[in-house]
Each structure stands twice: as structure tokens, then as C-alpha cells.
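Each remark here refers to the structure printed beneath this line.
When the chains are written out, they are named A, B, C and D in that same order, and each has its own residue count from 1.
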Amino acid sequence: MTTLKPFLSDNAAPVHPRVWEAMQAADSADNPYDGDALSAELDTRFTDLFGRECAGLWIATGTAANCLALATMVQPHGGVVCHEEAHIEVDEGGAPGFYLHGAKLMLAQGEGAKLTPTAIAALIDPIRDDVHQVQPHAIAITQASEYGRSYTPRELAALAEFAKARGLGLHMDGARFANAAAFLGGDASAAAGGVDSLAFGCIKNGAMSAEAVVLFDPEQADLVKYRRKRAGHLQCKGRYLAAQVLAMLEDDLWLDNARHANAAAAEIASGCGDRLMHPVEANELFVRLSPEEREALRAQDFAFYDWGDDAARFVTAWDTKAEDAAALGKAIAAL
Amino acid sequence: MTTLKPFLSDNAAPVHPRVWEAMQAADSADNPYDGDALSAELDTRFTDLFGRECAGLWIATGTAANCLALATMVQPHGGVVCHEEAHIEVDEGGAPGFYLHGAKLMLAQGEGAKLTPTAIAALIDPIRDDVHQVQPHAIAITQASEYGRSYTPRELAALAEFAKARGLGLHMDGARFANAAAFLGGDASAAAGGVDSLAFGCIKNGAMSAEAVVLFDPEQADLVKYRRKRAGHLQCKGRYLAAQVLAMLEDDLWLDNARHANAAAAEIASGCGDRLMHPVEANELFVRLSPEEREALRAQDFAFYDWGDDAARFVTAWDTKAEDAAALGKAIAAL
Amino acid sequence: MTTLKPFLSDNAAPVHPRVWEAMQAADSADNPYDGDALSAELDTRFTDLFGRECAGLWIATGTAANCLALATMVQPHGGVVCHEEAHIEVDEGGAPGFYLHGAKLMLAQGEGAKLTPTAIAALIDPIRDDVHQVQPHAIAITQASEYGRSYTPRELAALAEFAKARGLGLHMDGARFANAAAFLGGDASAAAGGVDSLAFGCIKNGAMSAEAVVLFDPEQADLVKYRRKRAGHLQCKGRYLAAQVLAMLEDDLWLDNARHANAAAAEIASGCGDRLMHPVEANELFVRLSPEEREALRAQDFAFYDWGDDAARFVTAWDTKAEDAAALGKAIAAL
Amino acid sequence: MTTLKPFLSDNAAPVHPRVWEAMQAADSADNPYDGDALSAELDTRFTDLFGRECAGLWIATGTAANCLALATMVQPHGGVVCHEEAHIEVDEGGAPGFYLHGAKLMLAQGEGAKLTPTAIAALIDPIRDDVHQVQPHAIAITQASEYGRSYTPRELAALAEFAKARGLGLHMDGARFANAAAFLGGDASAAAGGVDSLAFGCIKNGAMSAEAVVLFDPEQADLVKYRRKRAGHLQCKGRYLAAQVLAMLEDDLWLDNARHANAAAAEIASGCGDRLMHPVEANELFVRLSPEEREALRAQDFAFYDWGDDAARFVTAWDTKAEDAAALGKAIAAL
């Protein structure tokens, strides 16, 4: 039996050895829930990382992270503007409707699954300012986007300014924030821009079961803590989740892992030429490939998902082998 | 610095070595979410354990396990009968209200935090059968109870019969189900009786972050799967949770761990005499102790929680040292 | 066929002629929803009535009025302290759970279904200030209470002070506010005390289908308006509801009707002696009567509800005939 | 001051004299809520009207009617397919999200705000059958549509067949059902087709404050009754609402009023030529008119809403004067 060269997703990769170590180091008993010493470190560590005061809370999934953060901004009768292909709209099983008690996702358009002030204004300006129409309360963007595009600091500044002008919260789904930050040069603060909250992804980047909700208004932490408990997400052995997040932050493991994945993606991209549907600015590639071409690649043991009828998606991860990436790039170039 | 002899709770104990091993053995990539080989085993393993067909799903917390199971039985306009000191009422931060979309907890009374058909009837019989009053849709019991009492098979049969006669679902919060099962002789089926669903606890018994929802009507699994995702509880590396649950079931680790904890509790109980507020039928002790007596015990490095003004709660765990338990029993006897 | 002398409830009485007139006067078309001239008057009229700035919104039921007001004070993860026999707990079909998205009713005790700071403190002081326990966000009282008791200005002041000290909102269910106000001397402001919101009842007092939500922080009106629409309570011909409320306020019809009902209740009470279970401070009487005595009264064509096994409830209304009340008082006295 | 010729909407028209009469005839006391004699007639009257067994319940608004009916078909984790310009999506302030506890509206396209099986399939066929994506549970259509188009019996049959084949509920928002039925020849059954539930509109057609929820599976009535109460929509003097609905059904007042409105709309349409954006199949007209042309019409005292920059909407009602309609038709023709 041959070994597959896996480019299906980064969401099922193994746990990084340093994350394992950190979890095991957390094994001795401590206070339950988030009363342990490790959980207590998160605020400081994220404040250091972003250079502005913030609160950091562990949470088991990105879906819950996004929803809990949005709950600080959005009333049940309000709405969240997001891209029509945003993960919260397409792939979270209606979680925002649950966590926000029926609030509405309002779908804007934009190239590469990215939003712009112009696109958002086109969506919300026609909304009548009356009780018959749901009013937007927040904007949610994804960094890197669902098509592997990274918002630049300039784009983020424009969105933050727009959000502020309109009185809207601004949340960032950072399931692959590390990949965007790595692409943008490694500055966490630049990659987050002026958002109010961030779902800081760790799981796709080497952790097992811990993401972080980062709240740049630390006064919102209390609300998120109550809601996290109420959602059954306050694990009693929370120290194992804190350990994962801290391990990711330690010595920039989060960036190193993302750089590795991005480099592998870039290596593949180098073989794709104008087959690329989107610039590769993180660790995902969307590549035009006919059914026959995809079959040919699979015959060479590359594993990946179809993306509609005429394309494929490839995702690299912290553990992608450089030789696999190189081989894939060459194989595509040779088609 | 002295080492504390810990009897605070079982909810922060270390992870059992065999659980660690199972998690690490799950490290190689597999399908994400619950599409992996380990998650696929759960139905069979629980069906074997209980001797009747059931579905088994991993979930990160008991709070979520209880709520997701109850969602199969309770409409948003209905109610759940539980003990007035039930965990779902007292310590889950309103999670049932969230997961059940506003359904009501209806509080019955009973010795040792246990419910009886009589007590439930006393609560629900006066409810007028009209739309002005919330109607009960389900009953939730805790095995072992919040006071460390175990329902006997006979008591469970009476409750199941009552529930069926009234058209109510019957759910069991089994955060310490293993301790009850161990107390009752080790028969999982007998300890579960005729409940419709069970939150099968692992975390207090040696796991890290995985409980199981067991549904004795497997057709409800689909609903729980959709709701689990919607609640942000479908972890993408679900294999690590499945591994924990399977490790607990393997070679009866769940029972062995519980027997160990129960034995330690019994050892302590042997020193408590009529200080015991409740018979010790699992791994928790509620012991009448004056403030001075508690101080004396703490001076001997025993760690535990006060229980009101004149009592203390002691909880043993899978890792409680036999000598610590013996020492505690003697220390109490010597007061 | 004999004519019954009706003391079942005030909730099905006919509509007062002046309310009919006002509705018919509203028949000519105006702007829909609450954009009409009559709806626009409500803020001013209630501000005049209470002598402090407030917003007034029509709404079709007291249940909705209570819930919409509470939504200004209570987060979905919080709780509302109310009496264990409060209408919102016992007779609103779980509406608070629906409107407050799963928030919890927290049940305090008190004579005559009235709350006191002491009783509330006894309930909420033991609540641990942590995320595991639902925290109270508001207090709801009923004026007159479910047993026909009226809060005095002094009692209301104590409750308002307590609520403020604890950071809790204070809502008043005023389904029979008029009866309480009439009992207290006719001063609306004194009968409302320092509450933050009031469900101002009209329907039991001569209107057809309109109550009012009165918000003493008018800035909350916007939220209530969005939520009223979202709950399907923004009627397009709202002018007919506004007309009813305005008719009640016009020339103190609300007080006159309540005085009439209260006088009838007092007349009945004069025949009850120590049969009365509660002082009669509005338009409801709870009277100890054996089954045989109740049968005897019914044989005299008095219509009323049993209240448990050994008592009955009598309710008077704006249209109760003085001779019927006198006859009932005498009939009871003669038992 | 001149009198306006009103074509703004049918939602603020006066109450029809026969509805007034019926309400006043209901003035004598009866059982509260829906326990009165009039409410008890609704099931039979609607069963007669539609020629198949159904339950009929009064409700104060179409928004609530739609949402309560949908709640019989849609789980909180599911979705409702509707047109992207459907009233429930655009103009109900997020009520479906509230009543359905976060369920999702899934937006399909179609000419004239009408749905077809093809359009629905195009929307839902790409939805992956997994828990990450919200699954449709029901379809909602509007008869007559938001652009005044009526579904023919044939179109309705196709939709019902499609819904059944896909296991979806089928609900009809009939805010202007009477106008559609009148257009289609006056057969209620034909105009409702095989839907599972119908919000039977009365208010735009001469009633004051009562619509009806019609459930063609009468077993769902219980759920709707509990939810109606829970939503604060169970009015205690429900007989006045029942009276309105019964008055509409009596001697086909509902059809006569709709025919009158439709005739007025047809009269206007006769002057519009190819200015009409949609065929006129009920009582609404969408007419291409430049700003100058609209100004000219308003100068002749016609009142109406703009519809975007280059069109206007005209709505006729049961009380539209034939001469006003004729004048408007001529005025447009003369532009």
C-alpha cells in the first residue's frame, strides 16, 4: 500500500510535538476550569503579542470562538455582515443563529472571499432604518480568507475605519490567522489591524483542541466567559487547552508552523502558473484542473478535494513534507 | 513546602496514562470531525457495553452532553423535571435554557438529590393541562446524584415506568456514572436502567476532554450530530476525543478507575461515623464538620471544599492515594 | 335561564363604551404601524401621567409587555428574580424563556405574592459570583400582586433602592396597575415607584386588545420597538391600539374603572370576615370556602373559580354590577 | 385642503363595517383566551372553506402567523427556503430567526418574487448532506407574491409535489391570499393548493387585528397553540379576533373585498400599458414612472410609494373608490 501525499486539509494534521509536551507538562492537578496557572497567562501573552491590551480565552473550536466573539457585538435582533462564502455562513451548521439567538447573517460579495467597505456599503446602505428590516450590528471578516487571501494592513485599516464610522463591531475569523500573519511578514498586530475581536486559530496550525478568543476590549471578557460556560465550552481541565495555546505562542511556534505551510503552498503554486484561481497568500491553493487532470494527480497518490467540476483545492499544513509539495508542484506543471 | 492531600474534586485530576497513550496513538492523520476510524467505533462499543442498541457520540463536556441529549426530548416550549439541586439547574450557567431555546427546568425535591416518581408527580400533577403553563417533556436524573447517591436498578425501573406512562423522556446525567456503576456491582446496563439517553462521564474518571452522549434510540443521533456542530462542539480532530472514550472502555478502565475512587471514599467513610450526611454510594462524601474541625484537617494538609457552614465535601478520584484516604479517615475519626 | 353573576375574572369583560368610541374614531386611514398620530401621543401622555419622562408603546398582551420590558434589562445568560407565584413564572407559558432567549426565572418567596428586599437577598446572596451559576439581572414585581395585594410607595422605594444597589433592573407587571393605583389613592407615580419599566394594563380594565409598555429610560424604546416587530407584535393598524390606551388615560377612565372594581371587591370583602386569605387591596378576593359553601354560592348563580380545595377566587371588573357584589357579600356572610 | 387619493398600501385601510358589527356583537362576556364560542367555530369554518380538514387559529399579525406555522415544520438547526424578496426575509424584522430559534432563511430567486421547483432545486441541490451545512426543512411561498403575482393551481401542485419529494414542509404566506383567490376565480382550495399551512390574511382586506393560521395537518394545532401563548399572542379577549375572522368568511366578505380591490387594480392597470413591471394578478401594481411623472401624479393628489428610482407601487384596497382608480389609470395613460 502506498502512502498518500496529503493535501486534503490542515484540519486533521497531527499535533505538534511541542504541543504534546506542553499538554503533558500540564498534567499535574491545578484548579479546574480556567482557574489554573496556565489559563491565567493568556491575557498577558496575547497583550504582548498584539502590543495592545486584550483578553485571551481558550475555546475548543473556531466555530465557538467566532460565535462567542460576535455575541459581544450583536444583539439577537441585529445582523452580521459577512462574505457570502464566509465560513460562518457556509460551514458552521447555523452556529451563529444559535449563539446570537436568531441574529441574521447578511451576505456581501467580494473577490477572493474578501470584503471591502464598498461591498459592505452596497449591501447595507439600502437597508431602511426602520424596525421592519434587520440592522447590521457587526462585520465579520476571515484572515486568511476562505480562498487563501490575506487582508493587507491597509485593507484592514479601511475596514476598521468603515466599521467605526457605521457603529459596527469588527470581528476576524482567524482560523488561518497564522498563515496570513506569516504571509504579511510575521507581525501579529499588522495582520489583525483594528479588529475588535479575533478567533486566533491554533488547531489547523499544530494544536489539538484549542483556539483562542482574543478580545481587544478586555471588558467584554466577562460576557464571553459567561457565554462560554453556558455553551458547555468551559472544560474542567482547561489547563490542557491553555497549554496548547501557550505552546503555540512560545518561541513563535505559531509563526514557524505557518511559514512552513505557506512555503509548501508557494512551492506548489510555482508549478501552477495561470491555473491558479486566486493568488496564494497563505496555505491554500485553488487550482483549475480538469477531471482527467485530477485523476492523473490522484494516480500519483496526491490526496485533495475537488473544488466544483473544474478545479481542486490543496491545503498545506505544518507537517507537509517539502518533497511532497515539490512533487505536487512539478506534477501539476507537467500536466 | 508540603504536599496537599487533594480531595477538592475529581474534575481536575491528571489524565490516566492509558488515555494519554490512546490519544498519542491517534496522532496520525485521519478524516476530520467524526469521520475517523475511532469515532466510528463508538456506536458498537457502547452497544456492547449496554447490551442494547445505542449510538455513542463524543463531546467535550458534560454540560454539552446533557443539553444535547435533552434536546432530543424537549421542545422549546416544554420543560425538564430535575432535582432542585441538580447540576443542570445549579451549575451549568443556564446551558439548558440556551440549548433548549428557553425551555424550563422544573424543580422537584428528593432526599440525596434523587428523584422518585412520587416526588415528580407531586410537582407535575398540579400543572394544568393548558397552554398557560409549561408542560414537562422530560425528566433528568443524575447517576450518581449530586450527593453521591446511586439509583438502584429498582429505582431506575420505577422512574422509567413513570416516564413512559407520562409520555416523558428520561435522561441521565452520568458525570459520575462509572462510580455509580462500580457501586452497583459493575453492570453498566443495570446502572443505566431504562433511560433514553445518558451523558457517560469520562473526564472526572481519568479522561482529559471527552465525555460521551449515549442515545438508546439511535435514530436521535442525527439530531444530536446537527446540534453538536451548531453548538461549535464538532472538533475537527475528533479522533483525539474518540480515543479517550475508547481508552476508558478498553478493558474496563472506566470501572477500574471508579472502583479505585469509590474504595478510597469508603475508606474515608469508615472514619466518619454519623458525621456522614448521606450514605456514601460513589466517590463523594458530605461530612458534618465544624469550622474548627475543618481547620484542624487543613492543618494536616487535607484539601477540600466547605459545604455550607457546618460541613465539608470530600471527593476522591482515580488517582487518589490509598494512604491519603486512610489518613483522612483516621484524621476525621480522631477529631 | 338565569343570568350568572360573574366573578370569574376581569380578563373577559366587555369593552368599555368610551374605548369603543375611541377605536371607531380612529377608523379613518392614517400611517400604518406606529406611525399614526395616536401612537405618537403615547410618550407625552405617559410622561404627563407619571410626572417623569418616559416612553409609551402599545402592545397586545401583558405577557408580551412584560417580556419586551424585561429584554431591556436581562441578557440571555442572566436571570430575573420574581415571586414563585408570579404570573411570568406560572401563567405565561414560558414566554420569558422565549423572549429572553433562555434567561432564567429565579423564584423568591413572600407573603401575598409580594417580594421584599430581604426575600430577594435570601435568594440571590448565596449565588456564587462565578460563571457556573446564573446571575440575576433584574427583579420583576406585580402591582397589584397575584393575590390582590398592593405595594405601598414605601415598599416600592425599598425595592428600587435594593435593585439599584445590586445593579439590577426593576420591572413592574401592572396587569392590574390601575387597581393598585386606585387603592393607593389614585397617584400613578406613587403606585409605580422607582421602577425602570411598567406593563401598564388596560385590557382587564375595559380595553379590548391594548396594554402599554412604559419605559422610564426612554432610550430603551428603540430596543423594544425592534423586538416588538421581531415578535410579530407590530400591528399594521396600530392606531386602534393607541386609541384604546389613550381612551383609558382620557379623563382618568383607567382610574374610574379601577375604582369601580375595587369598590365592588370591598363590598364583597365586607361580608367575608376572617374567611379572607389576603387583605383586599385591589379587585381580587381569595376566600376560604368549603366545597359545600361554594356549591351553595353557585346555586345562587354566582360564577367564580375554585382556589385549591378549600377556597375560591372572586374577581370584580369595571362592569361588575354593584347589586351583584352586594349580593355576593351578603351570601358569603350568610353561609 | 384637498383629499388624497390613497394608493399607499392596503395595510392601513379602515375596518369594514361588517367587521365592526361582528366585533361589537362579540362584546358580551364569554370564556377568555380562545375558549369562547366564536374561536371554537374557526376549525369548522376553515374546513368548510378549503374542503379538507384543517385547524384555524386567530393571530394578530401576519408575521406571527407565518412564524408560528413555520415552527411546525422547521427545527432550530434547519432552514426555510424562500424568495430573496420574500416578506419573511425582507420585512419582518428577523421574526423567523426569533420564532424558529435561529433557523436560517435560504434565499432562492424567481421572477415576480415567485418560486419554482427548479429555482429551489438550484439553491438546495448543492447543499452537502452533512452537519456543516444547514439543511432545508421547509419552503415558504407568498400568495399573492410580493410583486402581486398569483401562483396558479398548476404551479402550486408542482411545488407541493417537489416539497413532498424532498421531505420539506410547504407554507404559504397569504397576507393577500384573498386577492390571489379572487384573481384565480374565487376557489380558496385552488388558491392554496397542497400547502401544509397558510397564513390567511384578513387585515389588509378589511379586518382590524386578526389573521388566521390555517393548518392542514390539524395535529399541529396543539404546537401552534403552545407557541402562540409563549409568544404573548394569546389575547384574553380572543373573541374579538375570532369575530373578525368569522366576519370575513361570512357570505364571502373576504372574496368580495378582494374582488373590489382587484378590480380597482385592473382599472389602473388598463392605463399603464407597458409601464407595468409585473402582470397585475392581485391588488398591487409596480409601474415604471420617472421622477417627473411621479411628481405629476402627486400633483394630482395621488398618494403612493416610490419603488426605487424609476418606478412606483400602487396598492388598492377594499375601500378604494372606483373613481379614484379610474382617475389614476387615466392619469398614468395621459403622462
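Everything that follows uses one rule, which is that a residue touches a chain if its C-beta (ideal position, glycine included) is under 8 Å from a C-beta of that chain, and two chains touch if they have at least 3 such contacts.
Bear in mind that the values here come from a model prediction, so they are computed numbers and not experimental data.
J.: Along the graph of touching chains, what's the shortest path length in steps from chain B to chain D?
T.: The fewest touching-chain steps linking chain B to chain D number 1.
J.: Could you pull out the chain whose C-alpha mean position is farthest off from that of chain B?
T.: D
J.: Averaging only over C-alpha atoms, locate the centres of chain A and chain B and give their separation in whole Å.
T.: That pair's centroid distance is 34 Å.
J.: Measuring centre to centre with CA averages, how many angstrom lie between chain A and chain D?
T.: Each chain reduced to its C-alpha mean, chain A and chain D end up 43 Å apart.
J.: Return the residues of chain D touching two or more other chains; collapse runs of consecutive numbers into ranges.
T.: Those would be 76-77, 92-94, 97-98, 101, 131-132, 226, 229-230, 234.
J.: Which label fits the chain touch graph of this model best, line, ring, star, complete or other?
T.: Topology of the interface graph: complete, with all chain pairs in contact.
J.: Which stretch or stretches of chain B touch chain C in the complex?
T.: So the residues of chain B touching chain C come out as 76-77, 79, 90-94, 96-98, 100-105, 131-134.
J.: In the complex formed with chain D, which residues of chain C make contact?
T.: Residue positions touching the partner: 6, 9, 11-15, 20, 24, 27-32, 36, 59-61, 63-65, 67, 92-95, 97-99, 203-204, 208-209, 226, 229-237, 239-241.
J.: So in the complex, the part of chain B that touches chain D is made up of which residues?
T.: 75-77, 101-102, 131-132, 135, 223, 225-230, 234
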